[in-house]
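Take a look at these structures.
Next come two complexes built around subunit A: one with subunit B, the other with subunit C.
What follows is the complex of A and B.
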């Protein structure tokens, strides 16, 4: 496929989603982007989803389902917020603490996984409970609130969100597409046994994957916390839910990834997801409506992906 | 020699008599004094992370347990009736003599099970419906219920909205929390707020006024709709606890709406609105007193707080203990009690701080052992009088 055609194919889905979103809102007499707040809401949602999608995809592509990413974000944001509020730190320092903590927690999850050698689902569930419990204990269950801390609350601007998204995308492309680790990762994704037989060491590779996922979730936890000025505690796997917002953009990103770099695919998937979120906000959609629409969209897209060949065949015949 | 033998026999007999007498008096004492034995109480909870739930737990764990010979056993976070039944089974297996319930997925089933198993059961921070009370009031092991009844919830919402309406504010935004999950407490609070708007604006809410608004909200699936209420405007409403980007976006949109002057929350208002609210807008919440809420009041972010106080669960504990000690508190006609208790209201940081100081104390909380001891074995009238004097000032007297 030509380069121009590839770009057009990649852009087609986000453009279609944007067109549908604009149509739905205009039919209802609503402007999709009516104020700066709409743009902030859209950008924040896109960055949040992007970071979770990247973090989830790193391990999921390797067959490791990591349920602990939400709790990694929770605990890293709790630790960074507690330190930042105690020592009156700037939001940039809080972000750095959150990212480093997230990385360490991710590394710990990976270390436990490669040490105990249990299925990743079981290990990640255990780590999720452990991190949730840690966050609960650290805050006495009360969570952290800093809504009246103007310095930390002022971080949530469009340029700041875009900088974080850009750093995450550049890091992902650089690490996974331009390093030895990245090539080994791809080899392991394609066929672990063959890759290991060629001398690739899967344990260090897995550890680095968990580390990068943790770094990304540290950033995501920071954005969530500084958006509303409080961190609410979760127990009994309550932190797992943020992971599910990444599935639709992951599938969309995987689809777009046929035409361009899959990291851009995830970015465009996150943009699609954020546009849909903005429609929910602008139309003040009920939570039940949101869930039904989101589920229908994901199932429809999966049905399309599974039957793409048949559909093309039918179109050709007709 | 014979004399020595006689003397020894006499000595041994005397010693034996003393021992027997001591044993008998000791045994009798432990049987008569119920406080000598640790009473194990199971606590059913449906929430383990909210500030309110944590402050209740802290009162039992850090104060009550240190001054009474009791031990508390807590359930996990209970989400449905089956989990409640399983938790009760677990309490029974662990020899709990009573259960205090903060969980309400299926209260009738809880009461039935405790009656069948012969274990005392009490409802904390809640009440039964009138129909349920009529059905269970005569049960031997049903101790009773103390908590804000639905009329008090309605009044709490009404008072909060009226506070701002009286100051001339006419444009409102609301967070209705779990109203969409048909949580009556939140529906009644929201209805109370709207009723106050109807009165002040000389209008109605989609044809309904006063208590009829409850039915209107119920018929709309727990949703509150925006619109004009006479001269008052309800310009934004958010419900649910989705904690996703769309939910936060909706909250930010209402908080920043130029047509909203006052944000009212049926609960969790500090989590919902405080982070998004621009300076100058008012925020009122119905929740509890925490260090964070006091901090927000000091910063001017929160201006009105109707809060449950953690020691409010002291009297239901005393009544339950009294029942375990064989002195159940029953109404004049021998039934379980159903008593109501309301909120402490703070409209300035100083008051909120004063309330929080008492509420969070682990040595001198609002209801101390000295006060609760007067309730063990008390008459219904004395007990009811004590519970009804719940204002901060009354308790301090």
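What follows is the complex of A and C.
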């Protein structure tokens, strides 16, 4: 396929989603982007989803299901918020602490995984319980509130969100597409046993994957905390829910990734997801309606993806 | 010499397989020792443990039929919540406990059937289908509560279920369901075929096994467990909200794995894993409670013990490459 055609194909889905969103809102007499707040809501949703999608996809593409990413975000944001509040640090420093803490927590999850050699789903369940418990103990179960800290609350601006998204995207592309680690990662994704037999060391590779996922979730935890002004505690796997928002953009990204770099695919998937979220917000949709629509969209898209060949065949015949 | 070595390996393998059961017995012993030292009312505590663990045991035992296939259902808790809500509404309309039981089971089996048929007919990954079902069911629970509830809850009069809110009734339900599942899993073709499909799906397909059919049956068995769990939930806590059974989905995974069953299913799947696992987890929670640990520390200790027990029980199935 030609380059121009590829770009057009990649852009088609986000453009269609935007057109449908504009149509739905205009039919209901609402302007999709009517104020600065709409743009902030859209950008924040896109960055949040992008970070979780990147974090989830790194391990999921390797067949490692990670339930602990939500708890990594929770604990890293708790630790960074406690330090920032105690020493009156700037938002940028809090972000850096959150990212580093997230990275260390991710690394710890990876270390436990490669040490005990249990299926990643089991290890991630244990780590999720552990991190949730630690966050709960650190805050005495009360969570952290910094609604009165103006500097932290004002961090959520469009340029700041865009800078974080750009850094995440550049890092992902640089690390996974332009380094030895990235090539080995791809080899391990497509054939673990063969890759290991050819001499690729999968333990360091897995550790780096967990580290990067942790770094991304640290940033996501920070954005989520500064947007809400507080961090609420979760126990008994209450922290896993953020993970679910990444599935639709991940599938959309995977589809777009056929035409362009899959990291851009995830970015466009996150944009589509954020557009849909903005429609919910602008139309004041009930939580149940949002969940039903999102689930139906995901299932419909997956049905299309998994039956594309059959559908094309049917269309040809008719 | 070689014979001796083989025998030693066989014995240690058997012992490792029994690690979850040994763990459960150890935990019961620790529980009894602490209860004795702290002068706790032991029969009352045991009643509490049974009350807390029976529902998870029933749901998890049914779920073994899904996990044996190497599949995974994260929507069990949400399905139980919706089934309980619909069952409670049926009781409020008819005043019959039997109809409530039938509606709970029927609703849960129907939900399971939808998940499995969707996955089979449209070639969708089962796990992703259950994630979508989780969202749909959570939303459906909200709609049901809004349409039929008083405020944020749907209630069954406490008097109506008082007669069956006893440990003995719950134990009878558990034993009957366990017996049925053990029969289906260990004495019928179903269990063997499921293990084959879970262990080697390609080989099973080449041998003529219909994985889709087995998946639908497996999901229906799980639905049966979820329905019974929903019924028992109403008897235990007749005020139902959107948070009812919220943690059941994850508790089921933890119980099954804690009971020594591999998440990948296959030949090492055991029907009793779920019961052993959920009883162990409840015993562990009670021990933490008696030691006055705060909820956070209690959860951290649980995580470490969970990992440790699973690590020991899977010692003889280590691979040279990292598991996925």
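Here, the second predicted complex is superposed on the first by the 318 of 318 C-alpha atoms of A that agree within 3 Å, B and C clash if a C-alpha of one lies under 4 Å from a C-alpha of the other, contacts with A are read in each partner's own complex, and residues count from 1 in each chain.
Note that in this section contacts are C-beta pairs under 8 Å (C-beta built on N, C-alpha and C of every residue); 3 or more make two chains touch, one makes a residue touch a chain.
These figures come from a predicted structure and were not determined experimentally.
With subunit A as the common reference for superposition, the partners subunit B and subunit C occupy clashing space. After overlaying the two complexes on the shared chain, residue contacts for A:41 are found with subunit B alone; subunit C is out of touch.
In the overlay built on the shared chain, the residue A:287 is in contact with subunit B and with subunit C.
In the superposition on chain A, contact is made by A:145 with subunit B only, not with subunit C.
With both structures placed on the common chain, the touch criterion links A:136 to subunit B and to subunit C. Touch criterion met: A:299 reaches subunit C, while subunit B stays clear of it. Of the two partner chains, subunit B is the only one touched by A:153; subunit C is not. Touch counts on subunit A: comparing subunit C and subunit B, the chain ahead is C. Once the two complexes are overlaid on the shared chain, A:235 sits against subunit B and subunit C alike.
Of the two partner chains placed around the shared chain by superposition, subunit B is the only one that A:245 touches, whereas subunit C remains out of contact.
Touch criterion met: A:274 reaches subunit B, while subunit C stays clear of it. Residues 136, 141, 235-236, 286-288, 290 of subunit A lie at the contact with subunit B in one complex and at the contact with subunit C in the other. By the touch criterion stated above, subunit A contacts subunit C in their complex at residues 62-64, 112-114, 116-123, 125-127, 129-130, 132-138, 141, 192-193, 196, 202-203, 206, 235-237, 240, 244, 247, 286-292, 294-296, 298-299, 302-303, 306-307.
The touching residues of subunit B, when paired with subunit A in their complex, are 48-49, 51, 54, 76-77, 180, 221, 223, 236-240, 242-253, 256, 270-271, 274-276, 290-292, 295-296, 298-299, 301.
Listing the residues of subunit C that touch subunit A in their complex gives 72, 118, 122-125, 128-129, 131-136, 138-140, 142-143, 146, 246-247, 250-251, 253-254, 257, 262-264, 294-300, 302-304, 306-307, 310-311, 314, 318-324. In the complex of the two chains, the subunit A residues touching subunit B come out as 37, 40-41, 44-45, 48-49, 136, 140-143, 145, 147-148, 153, 227-230, 232-236, 238, 241-242, 245, 274, 277-278, 280-282, 284-288, 290.
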